[in-house]
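In the two assemblies presented below, chain A is common to both, partnered first by chain B and then by chain C.
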Partner chain A sequence: MSYKKIPMILLMCIVLTACVSTEIIDEVPVVFIAGYDKGSDDKIKGTISLQRFKPNQEVETRTFQAEARTSKGLRNQLSGVPKPITIGKMAVMLFGEEEAEHGVLRVLDSFLRDPASGRLTYVGVVEGSAGDLIKEEDEYLQGIGPFLQILIRQSIEYGNMPQNNLHFFDYKYYGKGMDPYMPLLKKNENEIVISGLALFKGEKMVGKLDLEEMFMFTLINRKHKAGLFEITLPDGNYATLYKVISDVSYKVSDGNKTPKVSIEVDINANIAQYTGDKLDKRIKNDIVDAFEKKIEQDSMKLIKKFQELQIDPLALGDRARSQTRKFDFSNWENHYPTLNISVKANADIMESGVID
Partner chain B sequence: MKWFQKTEKEMTLDDVLDDLSQSADFVIYQNKASRIPYTLIYFASIIDPAKLHRVVLTKLNESETKSLEELEGIIPIENLEISSDPIKVQERLMSGYLAVRLNKSQKVLLMDLSLIKSRDLSPPEIEFSVMGPKEGLIEDLQTNMNLIRRRIPHPKLRMKKVTVGTVSKTKIIVTYIEGTASEQNVNTVVQRLEDLDFDLIADSSVIGQMLEDNSLSVFPQMIDTERTDRITGHLNYGAVAILVEGSSNALIGPINFGQLLVSFEDYYLGWNIASFFRIIRMMSILMSIVATPLYVAVLTYHFELFPSKLLATLISSRSDIPFIPVIEVLFLEITIDLLREAGARMPSKVGQTLGIVGGIVIGTAAVEASLTSNILLIIVALSALASFTTPVYRMTNTIRFLRYPLILFAQFLGLIGIALFGLFVMVHLIRLTSLGSPYLAPLYPPRVKDWYDSFFRLPYVLQKKRSHFFRTEKVSRFFDKKEKKPNSLDFDEQ
Partner chain C sequence: MENSPRKEILVSSFLIMFIIHSNQVGVGILGFPRYINQYTGQDGWIVVLITGLIFHVFVWMMYVILGDEREDIIDLQKKWFGSWIGGLLNLLVMIYLLLGAVVILRTFIEVIQAWMFPELKTWIPVLMFLLLTYYVLAGGFRTVVGVSFFGVIFPLWLLITAVSPAKYASFTNLLPVFDHSLKDFVMGTKQMTLSFLGAEILLFAYPFLKNPKSSRVWAHIGIGGTTIIYLIVMIISIAFYSEEQLQQTIWSTLISWKMVELPFVERFEYIGITFWCFVIFPNVCLNIWAATRIGKKTLHIKQKYFSIVLLIVVFISCVLITTREQVDMINTITASIGTYFFYIYIPIIFLYAVVRRRVTR
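Right, the complex of A and B next:
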């Protein structure tokens, strides 16, 4: 290359860069949380919360609301917000219950297409209206977005919630033989709580799990380190287990004709508290037995519920596919509601504290 | 040019002497009182008066001979010659010779009485090290040669002399160890030096720029060093060193990118610690070039890269600043370079004030006046600090220079611009050569064994071989071939 060309190329780099739009950090509005509800006339009603950072590191938040047919179309309606609205730091995306039952993909589609949107964004369903929940943001110091992000993240890491985010939703939605789920949030009088798990069939929400069911789901879903669990013993005492670690193995036999699924759950747990007098070996065995029995019964109930709803959040179909040659999905789907599924739990107490 | 040469040839010795006598320090001393009348011709400013008085004058006044040839035998000075060529006489007189003339003849006896004034040895100032020898080159070529030969008392240490410069007639010594240094490298250096046409060579760095393979590049293609241990170390690996009269730096070549990370102190520290420091230096080069452009790119285009919690701090600290990030960065970067440049130009006594002015006033005041953000101040200070960790001074300047185009690229194209510029620099580095050897050598072409002593410094046990880079014939550092093959030792031969 002759040296005469180099200045030309450099010049072109500078001249042609008019096409790239700048997003200077302190000029663009940063959206941390957005909520979507069903608006009038089947429109999407979007609520976003913006944060303004003051020089003394205080945060001021404001919410904006608009209605449109598409989620990107909302941006035009949000005329009170300085443009461009950036979704790169979106922490949580919430859907109102009605909107979730109507179908979330008309909103999510634009996020799944957009390379600027993070895949680690948490998605959730609100019992009631998502917009109303976001509007109550004043109570939270750093704004409601970061608060909910921490709430959901800590529940996944230390609590009883299964791993979930936009990427998981995407994977489970488009994957064959599985169905997505989202955490379910609820606004009590003064606080926001996690009330369970919202079950989806395709893009539509079809059912809910409460907190105890969510724990069971987490245990049998995949290898997971869950948080605390309280069980009732036959003698009327109570015990609390913590650091409940589950290891699940799924076995599918005869996948293409009359499939049979057996789920084996190995669980290690530690006893955190016991209301009786003395925790001896016999009582430990009782706890283990009660726990195993509870897991088997409750998870069977859970699976029955899934079969009735004809959804597959446990991804049984996908697991069957991976264990069966030339897997026949249509045959599986026909058999799914009446599938023979058995759960075998195998619990183990690791520790019971320093006093024993 | 024939007419010119013709007039030169017709010049007589008297013409030359007339011409030279225009200078005040030129002396023509005629002694008619002695037994043989003689004339001494010399430049008083560059000869040693002690030698003249004690040796030359006493011998001349005692002697009774009437021919120069006999005088040549009497005078106890080693560089003696008889010449009748006026041009040669002129040259010799200019370099500190004394001419003895008898009876107005055209022949003169020339003797070397040159006096070299030079400063004492001093510890290296630019490449200072805590451990290791503190012996730096000085401006006198003889002393420098002495320093090097004392460290390598090896019969194969060669010192070839080349003279460059029509005005300065600078003596240049090309030194290498024959058999260890590749012949091709030596020939390249000598040939390039002989081909040089220039008037005045002020310093070795001038020669360095003229010998470079690609003079458009910002990367140094030879190492300037004042450390004698560094020179001898490189000579031992098979490099060629160039010493220049009147310069306290030597040039070493060929070099590669890995050697720019090498401080010679690494060899005096433990291998693990030295390797750690080399990795730190490598990272600091990268950080120093990329830190502020990244700040510009991320704040202008990709704020998503910041963690949410840092975002609040960052936006808060920037919320009062009226400029876009690139202006803010350029302002602070230029300030730092101003400080550095002023520090280099100022007399050292004023320099102390400069630190206070620069550090406190500009740093703190700029933040308080909302010209820059706190975070940027930290980034700029760190990257300025990082740029000085490079042991080769010219590389420090390269790093500081490279940052500016990169900031512009970051402003115009964001991270893509940084990648684009990185690509540009990478292609340039891959094409670049130092005395014909690949500049990016241990990386590309990949010579994994050479990494032992470039990106890391592994223990001496693992460094039995010389680097492939120098294309040396003697690969083994301390075993001769005979020792390597004990079978060839025949007892009958002994």
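Right, the complex of A and C next:
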């Protein structure tokens, strides 16, 4: 038996070597972040930041820029970059505002098509130019790609940003009765900040939310543990809430004729700060009332805004589909701008710190 | 029967569970939800259950067909229909088995080429697989069963990875339940049948079991295992993708592996696809093994030599298929042949067996 194996093993040795070209990590450039702007003549202007791992454990980062019709076509244009470019570790993809308004799918298509790319990549829109933001990479020790990845991830986990990444964009782009969104970034004097949420209709950006609107959106979108929120009390004092945990339920009635949506938000929050003297039960009730009223008013305003833009980032259509038999999407879309929607908030204060 | 296998080469009855299960699960699981859900949408998981139940009925039928004696389908067809018609039927079954081996091997290699090594020539992995297949076939049926046993056990841990896409899933996608017409369910079940094909291996492995009659319950457990795994994949796919997004996705299970985050590897698919070799391999071995049994009993060629002929045939067929469309086409052809085999041929010989046994008694 063992004699039979020997030619087999030898054959394997021959067959298994050099079937495909090798890629050595020290030699291939790894893209961590890419930015896309609208270039001249409707082309895509791509900016990539490369990291090369040097033998002495140093990491070298450089940016390159080129213009082409497709995002894969950019590769040919990036003649100054050592090949092959690997996108497997891509952490963040940014779009300039103009490019986002023009449509992002001409870039994203290549990433959704390519099996080497991930789906946990964050995609975002930059107010202004994405390329300019990436070029400022020198200020960040670990490179701007990993920095932005951590910034967005932490805003989702601890802050007020709803869950998002390339998969969610794809999910909401193709899915019926919902529209995608992306985080919105901005470059201030010398730092990068999250300035809100970019709203999409299909592949085109049509509007934005500021930070406070984004918080409201996150609260009523789905079960979420948000970060800090500051409210103004009727007596002129201020209170800050933290660990705001929301649990929402959407009820859609009469989905196929004249739909009615009622949203119920249950919120548990803790008081982190209060500017007045003593935090007694009455004031706690005031805070609860103010908070509930704020949620109800602001989220109604938010929904009105969505209805005017005829977009559905809250996926109301999909929620209606899941609650209606033989759901009629065209009827829903006709009714959407004038939909009867009500929001009911129900807040509870859990803790108020170690002093009264 | 003079042909019935010697006592030393029999295997324990419970192993039929692994034989059936490993021959059913193949490449289909990497992308089947899309084909079902184009008809049934969020109700796809019900189709999985329906098809599973139907195959329980088929297993019951097959046990009735096989009867009490140590005979496989090859002996029975010869006994019932004479050596000419029976032999012809056997040869047709053999072609179907070979087609099954070609489809599964070629489709898996397409996955490797699409995901891991775009530059890889088809003949290289085919050759590697088939050399290994010959090695297993040369070891006889017990080795084939051993391979199919490990083909179930080794990749079983991959089920844990379903947790990762589940974290990003919204399970309200499964609602409302039963929102499709009967016709949609029938069409979905027809599509689902391809992924359940492979249970026919029972018709060939039956005489090799130590205690064929008591193996019945294990065969049903094998089908049940397949149903549960498909059910998990289906539910996760429905919840993880939006309906229209799923229709865009060719290999939905593989893409949902992109959600797995591990500190040492960015793309989990590479590990998953590599482990999937353990799933593919028993399929190829079992199909070709069954085909060599037909060669032995109808053409009277020694299995050892006949297997070489068949491996060459499989090799050439795999290399000749080059594009995605051709892979898709041969999948569709095999699916319809398999569907006819199960939904028409098996019930017919089932009735024939019942009537004949009544009459001869």
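The rule is simple: the second predicted complex is superposed on the first by the 330 of 356 C-alpha atoms of A that agree within 3 Å, B and C clash if a C-alpha of one lies under 4 Å from a C-alpha of the other, contacts with A are read in each partner's own complex, and residues count from 1 in each chain.
Following the convention adopted for this analysis, contacts are C-beta pairs under 8 Å (C-beta built on N, C-alpha and C of every residue); 3 or more make two chains touch, one makes a residue touch a chain.
Not measured: the values here are computed from a predicted model.
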Contacts of A:167 with chain B and chain C, given as first, second, both or neither: second
Which of chain B and chain C A:115 touches, first, second, both or neither: second
First, second, both or neither for A:30, with chain B first and chain C second: first
Contacts of A:54 with chain B and chain C, given as first, second, both or neither: first
First, second, both or neither for A:128, with chain B first and chain C second: neither
Touched partner set for A:175, first chain B, second chain C, both or neither: second
Which superposed partner A:8 touches (first chain B, second chain C, both, neither): second
Touched partner set for A:322, first chain B, second chain C, both or neither: second
First, second, both or neither for A:89, with chain B first and chain C second: both
Shared chain A surface residues [contacts with chain B and with chain C]: 20, 88-89, 116, 118
Of chain A, residues touching chain C in the complex: 4, 8, 11-12, 15-16, 19-21, 88-89, 115-116, 118-120, 163, 167-168, 170-176, 178, 222, 318-319, 322-326
Residues on chain B engaged by chain A in the complex (per definition of touch): 216, 298-304, 306, 308-309, 311-321, 324-325, 408-409, 412-414, 417, 420
Contact footprint of chain B on chain A as seen in their complex: 3, 13-14, 17, 20, 22-26, 28, 30, 32, 51, 53-57, 59, 86, 88-89, 91, 116, 118, 142, 146, 149
Chain A-touching residues of chain C, taken from the complex the two chains share: 114-115, 117, 119-121, 124, 127-128, 131, 135, 138, 168, 170, 172-173, 175-176, 179, 241-245, 247-248, 254-255, 258-259, 261, 266-267, 269
